[in-house]
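The following pair of complexes shares a single chain, chain A, combined with chain B in the former and chain C in the latter.
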Partner chain A sequence: MTLAEYKYADTIHRCFRCGYCKFPVNWMDVNNCPAYARFRMETYSCGGRLWLTKAWLSNEIDWSEHLAQILYSCTACKNCEEKCPLRFNVDIFNMIQAARAEMVERGLVPAAVKEFLENVQRHGNPYGNAREGRGEWSQETGIEQYQGQDYLYYVGCVGSYDTRAQQTARTLGKVLLRSGVSFGVLGSEENCDGNEVNALGEETLFEMLAEENVRKFKDLGVTNIVTLSPHSYNAFKNDYAKYDGSFPVLHYTQLLRDLITDGKLDVSGGMNARVTYHDPCFLGRWNGEYDAPRQVLSAIPGIELVEMEKNRESTLCCGGGGGNFYTDFLGGSENSPARIRVREAATTGASVLAVACPNCMTMLEDAVKAEGLEDKLVVKDVSEIVGEVCGIG
Partner chain B sequence: MSSVYESLVEIVGGEHVSTQAEELYIYSFDLGTTEPHRPDYAVAPRTTEEIQEILRLANREKVPVAPLGGGLSLAGLALPLKGGISLDLKRMDTILEVNEKSRYVVVECGVSQGQLTSYLERHHPTLMHSEPGAPPMATIAGNMAIHGQGDLAHPYGFNSDMVNGLEVVLPTGEVCRFGSCSVSTQWYTNHPLPDVGLFLGWAGTTGIITRVSMKLFPHKSIVGAGQFVVKDENLIPEIIHKITHTEMVHDLVAYSQAIPPFSSGLHHLTINLSADSEKELAFKMELIFDDTLGHYIRSGDGGYLGFNRGLQRPQVSKTSDWRKGGGFEYVGSIMPVETYPDCYRRGREISEKHGIPYTVLGRVIGMSHAMMFSWTYAFNRADPETMDQAREALHETDDLVLELDGAIWKPGTYGQKLVMERMDPNTLNLMKKVKQLLDPNGIMNPGNWEVS
Partner chain C sequence: MDIIACIKRIPDTSEADTIKIDPSQMSIEKGSLVFKINDWDEYALETAVQLKERTGGSLIAVTVGPKEWDDVLRRALAMGADRAIRVDQDMVAADCHSVAIVLAALTRSLPYDLVLCGAQSEDFGCGQLGVMVAEMLGVPHAALVVGLQEEEGKVRVDRELEAGILESYTIELPALLTIQTGINRPRYISLGGIKRAMKKELQVMSPGELGLTAEMLAPQVKLERLEFPPRGKEAVLIPGTPEESAEHLASILQSAGIF
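Up next is the complex of A and B:
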């Protein structure tokens, strides 16, 4: 593909590289682009990626492994889109995604991305784990297979396979059972939602996953979906309609909020804790849902909810989006965004860092260990906090 | 692998040095019209000590060093014109001290304007600094190095007039401190010691500023901007003179632009006021808009467009998208206020000649002692013809500044040449001697302010 054939050929040169994209709303630092925070070289800024993309497609520079890593270091957090003052800002991530698609097309992706995509293609998950094991997390929980219940509880790859995130998936399932919600899971029949595959630029594989999931959901008569992961939520809500899959979908924090409001979930037991909440990018900036998780936490007596300085639209991404929870292009440094983020959380004096995303959970929990903050800060999913309040382990 | 590269890795660590094509490409560009110049190394140090070692190495190996702050001068001043090391200073971003009582801040050289604005708002809300109209990535030290001005230029002058002290790494690697910090632990004044102001306005050719102490000023609880408009550009100098006589305004900017078309040819004055009470604000508004400007309103020469509370942060980057092309550059100048009408008329002619919508702006510096007058030319980065048009317009404007007896502010190499051609020969010779003394191997930002 030449620059002229690139979908954003008329737009990509419009980035001025003024740098607003590095800031949170209040300008307190220039670390709100996760990749720039990690490397602090202009190449890793949003503007750097756009200029390099144009240079590559114009044959001003050759492809290299380094170029590919720079493009894949973007976590799709959309901080840049939120902060860029120019009118094309809505297409910033699309421009990166389209460049990645070209790399996929030419077989020029980094090894870790290739592995991610191959694993999803072969096993339906990025870890390369067996499909049959996808439902093991729910054993002995009483959670049923989906058979036309009110909700399909879609867990996603991380919740299904990551040991720590499996605990979250189980706890949420038990909370939903306790609340009397009619739901079921797909277990080993669940397949990857494709959100990260799409972000990594593998359009064909995403299309296959979406079409297959839509077919399956329809065959099973799925009417409503509740997701553990904001990433799944985003794919179902925003991308599946193209594949004739317009299913009403909730992120679980929205359902828990409604259950509490309707008196179906009793959180009056309370919890004495100072809690700070980290907004997941695919719930917050991608879908504008900042309130539901806070409403759940605020409904619990005894919880003192304190905000980090960078919250809502200004949240610093954990660094795990866009497949980086697996490819790990931003890891290995005290400047890794997850480590910066847990340091920010610790400064609030909170003892609990609440998350609402299994990717954030794994990224931030690892970061707490790397920072040696285990004695001060515990990462808990909002569902786990609710579970504790309800006496569910 | 070169020995320079290996030495740089040893100094700052492998992640902060690159000779890869991607970094060399990105660091070869300025955001304006200057042609790209490729560095041999992109390096991002974290400490003054690392910079010392880098400069010692550069001296030993005769490698040029181009210091880079926010990279927003738009005049190519931070480009590695002769290759060598592009030294990205933005990792040095710690705000070291705010002294509320003595009203100053000490920052490392990579601290951005936005970062300081935010820090003061959150932790010292009664203090402010003079924030330039640049995007928030512009750095405090970079702005000092080019004699920048900000939104307190009217009462307090150039930002470089607000320096209380500097820490500088000389081209040969020594660290020097200037101001009270050279004799005490305090950074509260730049005087009364012997003046060795060799680093402000030199665009990084005499050393690298690593720390700055800068004056802060009272930040009043109510801020807002009044808008006044006139048709006749000849009225602007006298209006500015009258407003500054009141000593009540904290920023005063006159501007005119072709976009939107309905206001083309009109001259707007943005008059920023601040107050700590409604009573104070009412007094100032009456003094400015009734007593000082009322005459123009009654005669039909001027119009009051209203006063908006709160100040919108400048989003100058939007100018870059006027031609849907990610670029603009401007000529800045320091001019006598009375030249506003000529600056406007002649600048508009240049813009129209090159088919570029005109944008001119004059910000008052001091009590009408001067103004920073700028002519902005947007271009489309994807269209080389528009870049050529802008480049030609910029050069013609550089010529114009000198023709109007002004001084080009932060000139690029073209403007520097014009200035040096006109400069008093003894002054020029002194500059040459200073440069040779401080930078015997000519490693610091070569290509800039080179006296032949």
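Up next is the complex of A and C:
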């Protein structure tokens, strides 16, 4: 593909690298682009990536491993789209995604991205774990296989396989059982939702996953979906319609809020804790849902909800989006976004850092350990906080 | 340069605990396994594709196996092979000699300057196939190649010896090389690329078409049974918190005289 064939050939040159893409809403610093915060080089900022993409597609620079790493260090957090003052801002991530798609087609992706995508091709998850083990997290929980219940509880790859995120998946399942929600899971029949595959630019693999999932959901008579992960929520809500899959979908924080409001989930037991909440990018900036998780936390007596300086539209990404929870292009430094984020959380005086995404959970919990903050700050999923309040382990 | 790349389809055993031996003890249970190109062969393919990109000529990917092995040839076509040939014969997995007879016969029927094989397979790991084919063809070979530079009518190759020592040769073409992992970084094969490669030619031949009879392919190796190695008794799991287990481990190492 040449620049002339690139879908965004008419707009990509309009970025003049004003640098606004790196700011949070209140302009307090220039570190709200996770990759820029990590490397502090213009090439790793959104503007840098756009200029490099244009130079690569114009044959002004050759492809290199370094160029690929720079493009894949973007976590798809959309901070740039939030802050860019130009009209093309709605397409900024699409521009990166299209450049990645070209790298995928040429086979020129970083080794970690190749591994991620090959694992999804073969095993239906980025870890390369066996498909038949996908449902093991729900053993001895009483959670049933989906067979026409009101909700399909879609767990996603991280919740299904990551040991820590499995705990969250189990707790949410038990909370839903306690609330009397009619739901089931797909277990070993569940497949990757493809959200990260799409972000990594593997369009055909994403199409295949979406088509297979839509077919499966329809065959099973799925009417409503509730997701553990905001990444799955985003794919089902915004991308599956193209594949004839318009299923009503909720992120679990929205369902928990409704259950509390309707009196079906009793959180009156309360919890005495100062809690700060980290917005996941795929729930917040991608889908505008900032309130539901806060409403759940605020409904719990005894919880003092305090905000980090960077919150809602200004949230600093945990660094795990766009497959980076696996590819880890932003790890290994005290400037890794997850570490910056947990330091910020600690300054609020909160003892609990609440998350609503299994990717954020794994990234931020590791960062708490790396920062030596284990005695001050515990990372808990919103569902786990609710579970604790309800006496569910 | 005209190149032939020999590839094998093997089970993905990255999850070792998913491997189970079937009741006959002659095979593993394949029902839930996924299959892929043998790792070493993927490096050989990448080497072949890069050579073709630099020198022109043709690249043919070949394999010996039943119909389901077509999937690895499709991936080879997506990677850059011009065409693919599968010799339709379900070989005894461990019998490199018979596979080598088939590959040698097939190679003789094709134009080639260079034959590339992976240095070994991930499943049986014999490491003999490429060298046997070279001997049968009567062409020079080098095994465990980690570097390759083409020259007029010959190739310069680096072989990997122990302790990081490299051995360099100039080899007249036609020749056969077995490729070691790490010689390059095999490209990603996109699903779109595989779909487009469906249009490329994938030829299926029988051993008979190559003049081979059942007697000629009689296995030289008889598989008696598969079994897992006996579990070791020396492993010790050290329980406790990281601090406790580190202290315990240190005392074990100290009493063993390691420090």
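Note that in this section the second predicted complex is superposed on the first by the 393 of 393 C-alpha atoms of A that agree within 3 Å, B and C clash if a C-alpha of one lies under 4 Å from a C-alpha of the other, contacts with A are read in each partner's own complex, and residues count from 1 in each chain.
The rule is short, and it goes like this: contacts are C-beta pairs under 8 Å (C-beta built on N, C-alpha and C of every residue); 3 or more make two chains touch, one makes a residue touch a chain.
In this text, all values refer to a predicted model and were calculated from it rather than measured experimentally.
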{"item": "Partner chain in contact with A:117 - chain B first, chain C second, else both or neither", "value": "second"}
{"item": "Comparison of chain B and chain C by chain A residues contacted", "value": "B"}
{"item": "First, second, both or neither for A:129, with chain B first and chain C second", "value": "second"}
{"item": "Touching partner for A:202 - first (chain B), second (chain C), both, neither", "value": "second"}
{"item": "Touching partner for A:104 - first (chain B), second (chain C), both, neither", "value": "second"}
{"item": "Touching partner for A:20 - first (chain B), second (chain C), both, neither", "value": "first"}
{"item": "Which of chain B and chain C A:42 touches, first, second, both or neither", "value": "first"}
{"item": "Shared contact residues on chain A - chain B and chain C", "value": "none"}
{"item": "Chain A-touching residues of chain C, taken from the complex the two chains share", "value": "12, 14-15, 18, 32, 34, 36, 79, 185, 187-193, 195"}
{"item": "For the chain B and chain A complex, residues of the former touching the latter", "value": "15-16, 18, 20-23, 25-27, 29, 31, 42, 44, 70-72, 88, 90-91, 93, 112, 114-115, 117-119, 121-122, 135-137, 315-318, 320-321, 324-328, 380-382"}
{"item": "Complex contacts: residues of chain A adjacent to chain B", "value": "10, 13-20, 22-23, 26-30, 39-43, 48, 51-52, 55, 60-62, 64, 66-67, 70, 85-88, 309, 333"}
{"item": "Sites on chain A touched by chain C in the complex", "value": "104-109, 111, 113-114, 117-118, 121-123, 128-132, 202-205, 208"}
